[in-house]
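Same chain, two partners: chain A is paired with chain B first, then with chain C.
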Partner chain A sequence: MMALHGGKLRSSKVWLIGVLLIAGLLVPIFVQDSYLRHLFIISFVYGIVAASWDLSLGYAGIFNFAHVAFFGVGVYATGLTAKLLGIDPWAAMLIGGVAASAAAAIVALPVVRLQGVYVVLVTFAFSQLVMQLVINQSNLTGGTQGMVRVPTIWLPGYNFLRDYKLGYYYVAFGLLVTTTVCLRWLVRSDFGLSIKALRDNEDYAVSRGIPIALQRLKALVASAFFTGIAGGFYVIYLRVASPEVFDFSTVSLILSMVLVGGTSSIYGPLFAALFLTFISEGLASINNFAEGRFMLVALAMIVVLLFFPKGLASALPAILARNANQKRSRQSGTALADRALMTSSDKENEAEAASHSGVR
Partner chain B sequence: MITSDILSAILVSGIVLGSGYALMASGLSLVWTTLGIFNFAHGVLMTLGAYIAWTVSDAAGLNFGLGLAIAVSAAIMIGVGILIERVIVRPFYDHRDILLVTVMTTLAAMIFMQKGIQLIWGARLKQLAPIATGNVQIWQTTISAQEALIIVVAPLLLGALWLFLDRSRTGRGIRAVGQNPDAARLIGIDVSRLFIITFALSAVLAGLTGVLLGSIRLLTPEFGSEPLVKALIIVIFGGLGSLGGTVVAAYLMGLLEAALVFFVGIYWAPSMIFLLLILVLLIRPQGLLGKVVR
Partner chain C sequence: MVEPNDDKPLLEMRQVTRRFGALLALDNVSFSVRKSEIFGIAGPNGSGKSTLFNVITGIPFPPSEGEILLAGKPIHRLPPHQISRAGILRTFQKDAEFATLSARENVYASAVYCGRMTSTEAKEAADQALDDVSLKAERRAKAASDLSVFERKQLMIASAIAGRPKVLLLDEPAAGLTKPEVTGLSDLIFTVHRRGITVVLIEHVLPLLLNVSERLMILNHGAIIASGSPAEVVRNPEVVEAYLGKREARL
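Moving on, here comes the complex of A and B:
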C-alpha cells in the first residue's frame, strides 16, 4: 500500500502536516479573543473524541455507540477524583482516561461476543445506564444540576485562569496532536491491520489466527482511553460537568462529525470536528437556536449518509483523494462480491495482518 | 416480609409497566422482523403521537374530543411512518451495512423530531386528558382507571396485531417478506408496499402508546426516550426474532422492574437491570428467548 503512494504524495503530506502544526501553534498569536480561543479549545476536545471514535467504529467496525458515554465517564471520573478526593487535576485527567478504558472493558465483555444489532443495543443501553447512575447519585455528582467548582490544572508559576485561556489552548492542542499521532500509529501498526482485517473479512482473518475477541477488546479500550482523557480535560477546563454529555443529541453531534469527515481515516473526523464545532457554536449564539442547530446537525447527518457515504471530504479532490481511494476500494461492490473478489490492496492488508499476528 | 398487599402492588404495577413496554417494543420488533432495521425514532414517534392528540383535544389547543384526537394522531402517524421509510430507510436497502446506516439515519430523525417538537410545543409540561376517569381496585391495589384501561387495551391491540399478521393476506405477506424478501418477491408479493405498511403500522402503534401513556405521565419532548431505552433492553432480553418473544419479555421486564424498584429502590433498579442484561448476554448472546440473529 505504501509503495503505491510513495514519492510526491507522501512528501506533500508531510509538508501539509508541518504547515498545520505550525498554524496550530501560531493561532493564539493572531486570535486574542477569549471566546474564539474557547471555540478552538472545545473543537480540539471534540476532535479527539471524534477521531478516537473512528478507531472503534471505523477501523474496527464495531457498532460502538457508547463512545460518547466513555467521554462522559472520563468527565465524571476526573471531576469527582479532583473535586472530592483532592487529587491533582493533571493526575485526575489520566484517571479519567483509565476509567473510560475500564468502562470500555466492561462493555466489551458482552460486546465482543455479539453480532450486529445487539452491539448497537448494548452500547446504547450502557450509555443510558451511566447517565442514570450519574443522575441518581446526585449527592456526589450533582445529579441533573451538574457538578460545579471542579479544581483546575496549574503549573509552577503559571495560572491557567489568566492570559485569556492561552495555557488551556496549548494543553488542548498538545492533547490533540498527541492523540492524533498515537491513533495514526495504532491504525498503521500490526494491531491496526488486524482489526481492519477482522472488519473486512472476519472469517478469513479468524482462520489466519487473529484473536477476534482480544483485538476488539483492545480497540474499544484504546479508543476509550483517548476520549476519557479528552473528557478529563473538558471538565478541568470548563470546571463544570453536566449529564447532558450522555444525551442522544451529544451522540448525534459527534457522530455527525465522524460521518461528515468520513470513517477510517482519523484525520477526517478530526477536521470535521474542528469545522462543525465552529458552525454549531456559531448557530447556538443566534437567538433561540440552541435547539434548532441540532435539527440542522441531524439533517446534515442524513444528507451525508444519502449523498456522501464516504464523508464530505470525498467530494473534495486532490490531497484528500488518497483517503477516498482507500475507502473506495473497501466499499466497492456488494458484501458478496467483497468476500469472493477482494480488491488486491485489501487482500494484501489482510494477509499481512494475519501473518503478523500468526507469528506472535 | 412479603405480604399479600405488597405482592399485589408489585404485580399490578408490573403489569401496568409491562403493558406499556409491550406496546412499545412490539412496534420496534415488527419493523425489525420485517425490514431488518432498528428504528431509533420509535420513541419520538410515541411523543409526536401524544403531542398531536394533545393539540387536537386539549382546551389550550383545538379543544375537540379525545376520539377525534386519537383519529387525527393515528392518521398523521401513518404519514410520518411512510415518510421515514421513504426518505431515510428506502435509499439504503441495497447498502452493505444497512443496519448501521439506518441506526444512524433513524437516530438523526429522532433528534430532528425531538428538537422540532421542542420548537413547536415548547419545553413546558403537558398532560393528556385520561380516556377513562376514576379509580379501580384490582386485588388489594388501587390504580387509576386509565392504568386499568392500559392493562386491558394492550393485550387487545397486541391480539389484533397478531390476528392481522396471522390471518390477513397483507399480514401474511409481511411475515413472508420478513422471512425471505427475495422469495416473497418471486411469488409476486409487492415487497415495497408491505415495507411501507409495516412502517406505518409501527408508527401508529407508537402513537397510540403515546396517547395511552400521555395521561399517566407528563408530556415533554423527551417523553419517548425512556420507553425507547426500556424497549431496547426488552428486545435484547427477548431476542428480536419474534413478536411473541418480545411481548413476553416486555411483561417480564415490567414485573422485574416493579420488583426491583420495591426491593433495591428506584435509584438502583436500572443498574441491576443492566447487570442482569450483561449476565444474560454472556450466557446467551442471542437473547434470553431469542434465536440467533445476524
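Moving on, here comes the complex of A and C:
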C-alpha cells in the first residue's frame, strides 16, 4: 500500500500470478484422472487453511495453535447443519465459516491478553476441548466413528457427484483464489499494517494508538473465517467427517506447510501447502507408508528451514529481483543492488532478521 | 513568558504513586506541565523517570494511586491506546520502531491510528512529518531496522508528530548520539515545539536538557526534590548532592 514497488519486480509478480491462474483453470482439461483431481482439491483446501493461518500466526504474530481446530469447527458446523437441520449445503459452508469465527472470538477473549507460550497452551487446550466435545456428542457427530452421508452441494442441472470431480475442482479453486485475494487485500490494508506493527513492537504500537486486543481479535476471527469455510467445503466434498481433523499430526502437517512456505507472505504457505499435499498424499497411497509420510514431511521441513530459516517465500523475492536485475544490467549495463528493488513488504522477513542482529 | 493560559495546566499529576512490591518507584508525585512549554526531567538512574512516563501513558502499567489529568480531564483509567489518542504520545528509552515496516509506514500507522486520519490525509501527514524532521526521501522506503541511529531518532519524532499529539514525552532521546547529532536532536525538539506541541523531556545529557527546557524537575528515589527554572535547579544544594554529586567524575 505504502510501499514503492520496483516496477520490474512487480510486473514479474503479476505475470507469475496470471500464468498460475490460467494454469489452475486449465488443469482439469489435462488432468482427467479423478484421483489426481482429488489431490488437487485437497491441496486447495490445505492451501486455504495454511494461507489463512499465516494471517494470525505470521502477520499478527499470535502463536495460535487452534487454527486447525477452527477448521474442524467449520467441518462439523457445516456437516451438522446440512445433515441434521437440512440447511442448503452452500449456505451450510458459510455457516462453517461463521462458526469458526465465533469459536475464534471465544478463544480470543483470553488469548489477546496473553503472550508467547501461554497463547500456545490456551489455544492447544481449546483444540483438545473441541475434539472431546465432538467425540462425546456421538449421537450427533458420530463420535470417533465420524459423521457419514453428509448432503452435498448442487447447482440447477448439474450433479457434482458425476463428472469426475470437475465441479468440485472449480469450487475448490474458486474458494482458494477468493481467499487469497481477500487475505492479500487484508494484509496490505491499514488493518494489516496495524497487526504487523503489533507483532513488531507491542508497546510502541499501543503508544501510537493501535488497540492491541481489538486488532488481535479481528486477526483471529478473520483468519478462522477462511479456514472454517474450507472446513465446510471439505465435509461437503468428502461427505464424511471424522475427529481426525483435530489430530496433532494434522496440526503439525499444516504447520510445516506454513513454516516451509515462510510466514508473512500468504503465497508462501499457500504454495507449500499445494506442494506438500501432493507429496504427503502421494506417499500415503503407497502401501505401509501411511505413517512414514509424516516423517518425510518433517524431514523436508528441517532441510528447508536449515537453508531458508524464514521459509521458501523469503528466497523468492531475491530470486525474482536478481532476474530483473540481470535483464536490466544487460540493457543498461548498470547493476542495481538486489535490495534496492525490493519493497518493504517483500523484505519483511529479511528486515526482521536484520533487526535482531541490528547494532544500536 | 507569562501567557494567559499559564495557570491552566495541560498535563497534571496529583499524588501519583507507583509501587513494585515493596519498592516505591514513584512516591506521591504532583506537578503540572503548562501548555506549549518544554518541561525537563532529570534524576539519577532508577529514580523513577521512565516509570513516570509509563504511568502517564498506561504503557505498560497505570499508577497504583493518584490522578492524571489532560486538559482537566482524568485519563488514568483509560485504556492505553485511548490515552495515546487523547493526545499523549511517548517515545521509549530503548529504541522503538516497527522494524519490518518502512519508515514511511511507521509514520503513516501513527497518523491513521493515533491521529485518526483517513488514508489520504495520513499519507500527506506522514510525508509532511518526514519533511519536518528532514529524513532523506530516498531513505523513507527502507525498513526501519535498516536506518542509522540518528535516522531512527528522526523517525521517532516524525511518527510522534504525525499522531497529532498535544503532549510529547521524550525518554532520553539523546542516548547513543554523537555531539553534532545531539545538536541536531535539539533542533528536532524545537521543531516539534514550534508546531504547538508541549514537550516533556527526560534527559541524561545535561547540556541538551539545560539548553531546551523552560522548567526543570529533579526526581530522586521516586520523589521530586527540586523544580523551577534550570538556573535555579542546578544551584539547589540537594540536587547537587543527589544527582550531580554522584556524577562529578563524569562532568
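Following the convention adopted for this analysis, the second predicted complex is superposed on the first by the 300 of 360 C-alpha atoms of A that agree within 3 Å, B and C clash if a C-alpha of one lies under 4 Å from a C-alpha of the other, contacts with A are read in each partner's own complex, and residues count from 1 in each chain.
The rule we apply is simple: contacts are C-beta pairs under 8 Å (C-beta built on N, C-alpha and C of every residue); 3 or more make two chains touch, one makes a residue touch a chain.
Source: prediction; values computed, not measured.
Peer 1: Would you sort A:Q132 into first (chain B), second (chain C), both or neither based on which partner it touches?
Peer 2: A:Q132 contacts chain B only, not chain C.
Peer 1: Just checking: does A:L109 make contact with chain B only, chain C only, both, or neither of them? Give me first, second, both or neither.
Peer 2: Touch partner of A:L109: chain B, not chain C.
Peer 1: Using the superposition described at the top, determine whether chain B or chain C touches more residues of chain A.
Peer 2: B
Peer 1: With both complexes superposed on chain A, which partner does A:L84 reach: first (chain B), second (chain C), both or neither?
Peer 2: So A:L84 meets neither chain B nor chain C here.
Peer 1: So, A:V206: does it touch chain B (first), chain C (second), both, or neither?
Peer 2: In the superposition, A:V206 contacts chain C only.
Peer 1: Classify the contacts of A:K196 with the two partner chains as first (chain B alone), second (chain C alone), both, or neither.
Peer 2: After superposition on chain A, A:K196 lies in contact with chain C alone.
Peer 1: Starting from the residues of chain A touching chain B, keep only those that also touch chain C in the other complex, and list them.
Peer 2: No residue sits in both footprints.
Peer 1: Of all residues in chain C, which touch chain A in the complex?
Peer 2: Residues in contact with chain A: 57, 59-60, 79-81, 84-85, 89-92, 95-102, 104-105, 108-110, 112-116, 119, 123, 126, 141-146, 149, 159, 163, 176.
Peer 1: Which residues, counting only chain B, touch chain A once they are in their complex?
Peer 2: Checking each residue of chain B against chain A gives 32, 38, 87-88, 91-92, 94, 96, 99-101, 103-105, 107-112, 114-116, 118-119, 225, 229, 232-233, 235-236, 240, 267-268, 270-271, 274, 277-278, 281-282, 285, 287, 292-294.
Peer 1: Show which residues of chain A lie in contact with chain B when the two form their complex.
Peer 2: 63, 65, 106, 109-110, 113-118, 120-122, 124-126, 128-129, 132-133, 136-137, 248-249, 251-252, 255-256, 259, 291-292, 294-295, 297-299, 301-302, 305-306, 309, 331, 334-335, 338
Peer 1: Could you pull out which chain A residues touch chain C in their complex?
Peer 2: 2-4, 190, 193-194, 196-197, 199-201, 203-212, 264, 343-344, 347-352, 354-355, 358, 360
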